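Okay, so chain A shows up in both of these, paired with chain B first and chain C after.
Take a look at the complex of A and B:
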């Protein structure tokens, strides 16, 4: 690394004369735990730590949503566009949002004026795998905390945007980065903790979850995701994850993978942190017969100790790159404390929240081919014909026999978060209908040396759409309605107490649907693709909706027929904020 | 089209576009005019390229400087981390540049010369192979015998880097007969340590890395290449890549490389790092 980019110092600007600075109160841990029920702020990623993305607000409803108008828009500016995937946060009239290239802004929600901007100094030449995105920040006390592309965790002062502390999650030169929104969780022993995973890192590095004190970033505990590895608590070895090598052949547990790159959710009722773990290493499943726990799994962690309370594996012995990182959302299933997760592998799982016990799993996308079903024991019934084959059986240098697997490795659902409405009792899952041709490509290269590879070509299943927002009934697994979209859905979903569902499309439309039947009620063209989740809150008696627009992320990086659906989308970088003017809200 | 015609053609076509940008891969004329050849090598790839006290060193670095000297220019060597696959590295280092800035180089070192790989990366030209990499096994003969086959590792431990072709070969040998004796590492240094301390009886991997890592500890290992039935690659060529529109630069480097091979300078670069120089076999 020869040179460094010019540092743009965090600057306080636009504190214009005559504009009263909003009065900022600290964000308490109670504010965070109660976020789902308070309507005048959004202090967590997921509108509540359970991740339901439900707001009880009813001001904007099916009758008046068509009158929603832009209140203001703010450009993320500069020459830096690319994917904008963050969910914004709002507290005391200030909106905090992160953008591509590890940047953050504080914005006055009434005017859209920037209060400060922080540009993280990134080393040149780093190579994050899947675009230069960031998925949001966390508020706690007087700080706002986010992760960076060079794998730092940075805490800024909410008022000034100045750095309070910086911690290295891992060495970026080893390929590490961090893009997920950190999670703030209460603990008795350590006070509020900030919980993160890891992303990137050399192939075969073991994933882990880490908790730090929010005041200084000091590490409290660390929890590896792969069995056989020992965690830490207060700087000392704690407990082992699972049993060493129980579901791995030989010593492969040592290099098992299981990255935790999408962060997690927290349920205050059971006091558990839920985190997903990614795919196992090496790629080829024939090399590691066994379940390979806890790769492609969800794990529940005790915030006090970092110990695992339970784990559930969605794709044992993964051979399709069905990363298990998708979010775990807590909800009430007719009186049962449950969680739901919509996996990359195309199945929608409902599990017991306290013990991870399997309740049900049903397809939320069509034509799933890697498994025939999920059995009553919660294990997939594999279709051996659709497991990528043994590269040894392919002739040297030639593509081996090809199989078509559904979903594609980008998943029935990827990083874009779903929403749950306790009113309709439905989950709204931003799904994609696509499969992949998988062929053995016996050799790929890393750093000039031969490695084992797999060739993936993603293909749509239907002619007219890939994206499909699905309303899933968690009690029956039934798809109640589907809203089709030509391009893949890559942004998250929001639902409200007035039975509305908001989501954005890569084509750039922010849409409002009727939560009961999926009918479109409103749509607005934001000028670039939306790959971020919207939020809503109430400010001075008016309901606002806000979303980032800015096309990018992993989809444009993958070619094939999918690329055609997104070929003419332009980059952007705009924070759009809408409101229903008081007069119109009171009209009816 | 002859070299000189091609040269003129590409200069005319590209001169106007590229003259203002100093961090784009350039044709020969511009490299000569500026007096600098921008070479990108891997950040952490001993013995070929690594950073030592902030200075790039290694075989690829030495070779870059020698080529620049032959062209009458200076080499600016930039070390950059690797992407998930070498395809990503071609995009970042040869034809597009990293999203986070830093630009492309005129030439990238340590690129595998492989037809399939080249076909899926048409924005880059691959060539100028400068050595042959081979899969080999370092052994402690007192533990394995002097001429072992892989059956020995049904009872003795063997180290290997995860997910390499050697790894796949070992893990699938006789339907998994060796699995319990395969010791995996992510970092090659760890594999070398286990071998030196005799925690493993053998270390399988690419010859150059094994030789150089053990050389650093003053060890000259016994290397064998027993038959490896079913392995998907036992050897491959390592060369360079440059941008599709800088072909004349590639030809100039080809000529420089030929001189370095003929004078023996190239093989001495390898030997200085304890690596046996294996020249690319002559084309069929």
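Take a look at the complex of A and C:
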């Protein structure tokens, strides 16, 4: 009697598990590296590790996009709303999406029904600078991994939503948090690794990039972004970033900033990880004469060792919070392996992918005041009149002279990712036209306290718009077309093989434009502001488009006078999914 | 849920497991049939006075109701669960005794007056159910944990204290407390469910002694009493816990008595069926 009962128990378990969910195959490292070319799933942030946000799908096109219909919408629920900035992922009919307050959902893409939800328990003392957002998760094997506002990395089982492992990135009480989507990268020595950075640039932290084993979260290597700090590899000290004291005065490098809060991209062709490092701390640049490397920089990292292959600094000795974390997108520039990045400082840079060699830098916003141009050597030609005055030289020694700087510290482009179409050979940059009154103040470092040394207020520079989606030709720097939007753009862009550009606005509209001329073809009001990037994929022969709607992020918190343009926008938390029904797609 | 229940029923009948309707509930709970299906299906069920539940006659604090479940009068208990029919989350814990007695004292959140039951599965495949009706005013589960809202819960998270006493029958009595908010996820302020879901008790040489799976109804700062057979020569009992956010808690409770005077204590307990 007893023996067969023991035998039967496991079979009950197995059969019940079989009933519960669609068949899920593991997400392999090949799936990840090939994501840009596979149309039936989206397994990486950026629709491919290079971050082009380009889908080859052509089912939805300029002729039929106006017939897109909502397939379903799912509320993120609860009383907790605020900014929803995540890009969703899709694999085997299941959509994974993260939300505000460190939450995650798995959703059946056919019905919009929730399969599971994970709510991370946050302590009361978290210190996120710019709203309680999350920018997405990473899929690998049977796991889905995301970062939390209390600076933890959490790996969940894709099928159950149960925690497999948790690792503390750093102490949230010191100002650390994590909001970017983790990046999965292949490595020979360690197998697939999960690469993350840190958030907290306003609190005098030191930025770093870390790689962990995906199975258990064990740290493989760590790479600080600020000169003088030593990295680790396999638990031992590895190499120093730069040379201590070379471009930093005194001890300021110890709390030098350079937060890596926007994650990174990976280029399989050169086997390099590209990460942006943020603003130096404090904001008051007079306290830290020198270039302050590698703040406001892009660095290329070897996945095997965590060593820096090359670095390129966009704003040396930054005095405007041109927090240069912006994503580095690999692309082919007429046969040259290149990368492009649209910086907070208003310039669009094209660099050599293998060596970081400067190719070009051109403005992608209408006005730039802090630099006259980027010289042939890749260094900015500063305009000294437009750097905020040294508070030590002020009459009272407390408040330096105020200047009006363009772009504002929220940047010509902020966290919202751009897209690149290999068909049109254009970048689609979600830009903002605004400036700021800025002055410097003396400041000293205190753990867990804001470390700025600056006062500011943001102002629009045009009557009718702040947001401006720009089509940029990377070969010439020319702006091919501009689509103006009243409120600042804060969501990302998606482009497709049928020459469509999808993006959302704070006003709540998900829009489709013609990628060749910027003409609007379709728009849908999602009910709350969109500050997240859309995705597209094919399911059972139909093309879907999905985006999170939920107003929030840094603009309503830091936006100064700009807040007027967004004053009547309400919070939300809704995952909208559209499709072109088969009949309509075939109608033509 | 219906499908699952049906499926189990189908399996039960086709493989000949005793699957008669659960017996009439002496406590006449409206939720008994559902509880029996969800928590006790697949085995015969009988009400048995040898499974004892002790609760206070008057509930002073619905968020901290002391409960003792004791099935030591039964032979060969492989698993014991404690649940409250009329709680919003009914299942409080599951104890897989291994080298422990089928006995546990803990504190529980109670939403309203409810039967509190312990069910002990013996190795012959029968659930023995004991219960008592607890009179209470209500409010323990949907009210936030006391520590919630204070910034301090994260400061004290995982702090543990405990003590072992030697009992005359060769068991060691363990009293153990660990700081944890044990949030139910039901409170109006949207605090997510956050609770220790698993605690393993081992001798300090690594021998597994007992496994305790806990759920949201266990009170904030779980305070537990277990009776374990600490292997001869072990000088401490190790506790490893894991919460539903993946945090791991480790602590060790010293056995303060002189080891040399102990007679060897060894009793083989039967292993339970494989768990899902």
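To be clear about the criterion, the second predicted complex is superposed on the first by the 545 of 588 C-alpha atoms of A that agree within 3 Å, B and C clash if a C-alpha of one lies under 4 Å from a C-alpha of the other, contacts with A are read in each partner's own complex, and residues count from 1 in each chain.
Assume a residue touches a chain if its C-beta (ideal position, glycine included) is under 8 Å from a C-beta of that chain, and two chains touch if they have at least 3 such contacts.
Predicted model only: the values in this text are computed from it and were never measured.
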Partner touching more residues of chain A, whether chain B or chain C: B
Would you sort A:463 into first (chain B), second (chain C), both or neither based on which partner it touches? neither
In the superposed arrangement, which partner chain does A:131 touch: chain B (first), chain C (second), both, or neither? first
Going by the contact rule set out at the top, does A:119 touch chain B (first), chain C (second), both, or neither? second
Can A:166 be said to touch chain B (first), chain C (second), both, or neither? second
Partner chain in contact with A:449 - chain B first, chain C second, else both or neither: first
Using the superposition described at the top, list the residues of chain A that contact chain B and also contact chain C. 1-2, 5, 123-125
Using the touch definition from the top, list the residues of chain B that touch chain A in their complex. 42-45, 48, 78-89, 92, 98-102, 110-112, 114-117, 133, 162-165, 167-168, 171-172, 176, 179-187, 206, 230, 232-233, 236, 238
With touch defined as at the start, can you tell me which chain A residues reach chain B in the complex? 1-2, 5, 82, 101, 122-129, 131-132, 149, 172-175, 202-205, 249-252, 254-255, 281-284, 286-287, 289, 390-392, 394, 396-397, 441-453
Listed in rising order, the residues of chain C that touch chain A in the complex are 3-4, 7-8, 11, 15, 17, 42, 123-125, 149-151, 153-154, 181, 183, 185, 189-194, 244-247, 273-276
Going by the contact rule set out above, which residues of chain A touch chain C in the complex? 1-2, 4-6, 8-10, 12-13, 15-16, 19, 78-80, 103, 119-121, 123-125, 152, 154-155, 162-166
